[in-house]
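Dropping the structures in below, format is structure tokens.
Look at the two complexes coming up: chain A is in both, with chain B in one and chain C in the other.
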Partner chain A sequence: MSDTIEEGGLGEADIEAAYGSGDGDLDTSATVASTPKGQIFEQIYRPWNGPLGPRWVRNYAIYRHHVYGIISGSGHRRYHPFVRLALLVVILGSMTPILMLLLSSMVSGDATGFLNRMWGVNRYNLWGNVLGYFPRNLCMWPLLTALVVGGLVSDDRKNGTSALYFSRPISRLDYASMKWLSAASVLATVIILTYMMYYSAAIVFKGEGWSFIADTIPIFIGGLVAGIFLVFTYTSIGIALSSISTSRFTASVSFLGLILGSKIVAWLVEIQFETTYIYLLSPYDCLAHLGQWLVGLPSNYDHPLIMSVVSLLAMNAASLSIFASRVSSLEVTRE
Partner chain B sequence: MNSTPAIALDHVSKWYGQVIGVNDVSLAIDGGVTGILGMNGAGKSTLFKLLMGRLRPSNGSVKLFGTDPWETTSPYRRVGYVSESEKMYDWMTSLDFVSTLARLHGMTRYEAEKRAEQALSFVDLEGVLNKEIGKYSKGMRQRVKIAAALVHDPDLLILDEPLHGCDPLARTSIMNVIREMGSKGKTVLVSSHILEEIERITEQIVILHSGKLVALGNLHAIRAMLDKHPHRILIRCADSRALASTFIDQQPVYGVRFIDSESLEIMTKDLSEAHQLLPTLILKSGIQIYSIENPDDNLESLLAYLVGDA
Partner chain C sequence: MGQSEGGFDIANPIIQIRGLRKLYGPHVALDGVDLDIGTGGVGILGPNGSGKSTLFKCILGLIRITEGGGEVLGKDISTMGPDIRSKIGYMAEYDSLDPGLTAVDQVRYAGELLGMRPDQATQRAHEVLQYVGLQDQRYRKIESFSTGMRQATKLACAIVHDPQILFCDEPTNGLDASARQFMLDTLRRTISEGGGTVIMTSHVMEDIQGVCDRVVMLSAGKVVVEGRIDELARQITREIEISVWGGATKLEQWLLLHGHKVRRMGRIMRIEHQGDQTIRAILEGASETGAQVRVLREFEPDLEDIFLLIMRKLGKSAKSASDLKGVPGE
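== the complex of A and B ==
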């Protein structure tokens, strides 16, 4: 068959103009991109003959993982920079009275003056440092708890990482107790440590003697016990909410809603019906009622103290039993 | 000598409401690599969750090294587990992740880091151990999980679908790790629904179907027990009809099927006797042979036969 193109027909130039540039279209060779060759490595297994540590060492590893994450980002539980910043603000905010005490000690003649009355050690201030509603129990402690405890279990559920614990020699009791303890220690560091620092600062800055300590130590201890109750209760409620949620946000908002919402509802009921019994449903008010008794302040509530104590115990028992049942049934490993 | 097997299940059943996860499974496994095979929904993951104490059996007993894993965590000191779940602490480096888990076994920080480095090196991740896990490929993540399971030098390694989603190179690497662990005398339990993967790792298998144990033991031994299904021997030769005439009157031969002029399939109930007979008959016939294969002496046909029978 002839390759000759008839005159007037489609020649090579026409075809190339229509379908391609002609520079290499008809070549039959191709280049394949070179890829690195695979490599199969040689395994050399080195058995580990060291001893495995006791239970407390394993538990400390869980505790450390959660607590150190606030300070160090690598190798521990991750806390968002905003959470860390918020914690810093709360800590600094809770230390404001220490600064004011320092200022008071530097202003001559303020022993009975304005600064000392506002921030010096007395029953109201010791109670207020732990259980005052504004700003501490309105803005600081619930926010602190929501940020720290909210994601403690729910993050593990969301990420499916709680199963990592239970494939190790970690019992359900160890897991639950270390989670609770790590959250409680962060709260205690902020709430109780700053309270102790405040009392110590009052002694140091003012140069107070033994008589001052003897006079105020029972009130201080009363406030300290109230602070421990607060940390215990907030941690228990927060962790229970976290264990039934797969979202840090839901758990945190639920906690804030419970603490602040119950208070607001009780307050509205009080002004409408002139009864304080509804405050029994508010964790904060039960704590405040108990705290007032512990530091020797007159009560703001009409109902008996024992009712607040029973309510507080019931709230803690309910929270801990929810958390315990979620862990013991390993519901916390469900994603 | 310790006679307690690493894994012992005694009439174990697990129901999720009306759904049966595992149905009356009894088995004991100790030493070497054992493959757990089954289709999706066969009960492999339920079985592993029972072994890892994540689920409580509805009936029967589960023992790891003679201890109930639901009641106590002590067996987990000797167990390494790779779960099916993809979830890890993605913000951590693999070194941090593996050493954090090592510390849950009670190692000190120094021990944990040293041991984590060794384990990561064993799975060929020593070059990237300070890189965040979130930036790893699928195969690398699987290897991190294996390193985390190996970090405390367990006697029993339980791997739930360890090759799932890995590229061929990562698969080969992980298979090497599994074989190496088996050769070290560890008990390795590995699940997969991909037959050829298990076939490349081990011949010791457990087959589950609809929650029931349908076979347990050596692949070839199980195949030999399936008398209902004759073994097939595929012979490619120069003249299939001429060769067939030499086989047809032999005792082990059950039937002959012609595929084409150069291929025939011999059916026998006794594979080993047939293979002993073949060379003599072939020599006697003088027909040129191109290849001899046993097409159904593999997991796929075994599973098809067993599941069909189940």
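== the complex of A and C ==
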């Protein structure tokens, strides 16, 4: 046995490995398992021969990237959690009349009449669901637009991501239209969809029949058209402000300042000088004036409707031309 | 396959430009550019304002050209811009990434913008991020990336669809030594394994020399030099480079007195090579003046020397290629 050990059969190395005795104990460094050294990863160029989709596929990618970002937390354009929370509050706030309709359909007695007048379908309420100043056009819609549209183009200018679009087969028209459309879709979902839900809920909760629908559908359509004008105008102004800035904060605050500031200034001038002409500078008031006519409400304004319509068209044209010119100035090779 | 010059297929050019002229108002940005580029690596050189960016924009079909025309991959640059851009990759000089996205989302989106299906784009994003060395960082947000990682992400975005031509604008900008080496190795590999063309601009001539076989030099909107780097180097006058300690001025004067052309930069002197007698003359001069010649070797001009020589001939003074970055446009 001892011979075998000395010869190394079941020898010193095995005992050393098993018990750690012998000369090895004097070593100051531990012996570790050796690993092959060399490349950390294998760098191989993999070719790709897949098909590339047509123009609509590319455009839909832009649209999806901006819209899905609001719903999905990752994978698409990033919206700050606070922004997403604010949007949730706005959409829930715009749906409160539906809850009140539900309530009015469940209670009976004198309260029903009151609740119906306050939240039931009539010209004033249909107009108010889109164009009412408080809280919708004071707090909700401008905030919604500012949060959604603020960084839409300014972020590309700030981060240089315009090169990502224009070095690919994306034309400036595609870029601008998809950006505009994605913002308008979000606004339309909140403003117009909740308006349609409100009208539908009134029919369902109250069990209204065809005669009610026949009576109210023209007013509803009037409000719907006013809503479309509102979405169009707010999106155009918001995106124009976003395109002239490199900061989403500046663009958002400018939008809020423009919508709310022009309204307040016009209101102060009206009080002082008893004229409503200055409201032609306020996008909200031009929309409200047009909306009142569409829904069939008496006008709050002294000036003719056509002036508000012209002002509205001029605002949209100016905004879209600013947007177009700023998009055409976005660089590919150097910003 | 056409006639191949060291991996560069010049007989079948993939970019052909003829008489390209671009005016911005009265300013001539490109003035009658003729260019043939085949597969391989091509460096575009020129001081700021020489027309590099305008040439890129014309090749990408992004701007309306004033005169002339050309084809990229057989497609007209005047009318088929979108088709051209779907077959090329472009890596911008400056940051062109969304800091709020993860690397894999950014590259996937870059693929989707080319028309790739989301599932294809996602799969491809993983592949190219592995290729550029960001496999373990692909789920990190770009805002947390170093400059090298950002450059690698930009490269991944550019090659997501395996383009036939890759344009790289200053790909090593802001990179440290190891990241720069990795980027250059990756670009070289993209040419050798991908079989495509890399067209790059850089103010670091060493980088261009490391990746490209050929160069195109622009100045004042014109192509002043076009050719293989080694051929251009051969056209430069051969010189003997010596490093002198003690008595350098005396040796310089001795050499000048004996009819040699000398360029001196401190202790380093370059003497025009006129045959074997040049070395003999240097040693003789050193012996007579008591100067110590520590190093004596034949000087091999690199791309920077070629570039500076050409720029000097064009009347631009610069000590290094990076000086030309600040030269205003003509």
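In the analysis below, the second predicted complex is superposed on the first by the 283 of 335 C-alpha atoms of A that agree within 3 Å, B and C clash if a C-alpha of one lies under 4 Å from a C-alpha of the other, contacts with A are read in each partner's own complex, and residues count from 1 in each chain.
Going forward, a residue touches a chain if its C-beta (ideal position, glycine included) is under 8 Å from a C-beta of that chain, and two chains touch if they have at least 3 such contacts.
Since the structure is predicted, the reported quantities are computational estimates derived from the model, not experimental observations.
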Does the chain A-based superposition show chain B and chain C clashing or fitting? clash
Quick check for you: in the superposed arrangement, does A:78 touch first (chain B), second (chain C), both or neither? both
Looking at A:65 after the superposition, I want to know if it touches chain B, chain C, both of them or none. Which is it: first, second, both, neither? both
Does the superposition put A:57 against chain B (first), chain C (second), both, or neither? both
Touching A:296, do we find chain B (first), chain C (second), both, or neither? neither
Which holds for A:261: it touches chain B only (first), chain C only (second), both, or neither? neither
Once the shared chain is lined up, is A:330 touching chain B (first), chain C (second), both, or neither of them? first
Touching partner for A:165 - first (chain B), second (chain C), both, neither: both
Is A:113 touching anything from chain B or chain C once the two structures are fitted on A? First, second, both or neither. neither
Residues on chain A in contact with chain B in one complex and with chain C in the other? 41, 43-50, 52-55, 57-58, 61-62, 65, 74-76, 78, 159-161, 163-171, 333, 335
The chain C residues in contact with chain A across the complex are 53, 56-57, 60, 62, 81-83, 85-86, 90, 92-102, 105, 108-110, 112-118, 120, 124, 127-128, 130-131, 133, 135, 157, 161-162, 169, 186, 189-190, 193-194
Touching chain C in the complex, chain A uses residues 41, 43-50, 52-55, 57-58, 61-62, 65, 74-78, 155, 159-171, 332-335
Touch list for chain B against partner chain A, complex: 52-55, 72-74, 76-77, 79, 81, 83, 85-89, 91-93, 96, 99-101, 103-108, 111, 115, 118, 122, 124, 148, 150-153, 168-169, 172-173, 176-177, 180-181, 184
What residues on chain A touch chain B, complex-wise? 38-41, 43-55, 57-58, 61-62, 64-65, 74-76, 78, 159-161, 163-171, 330, 333, 335
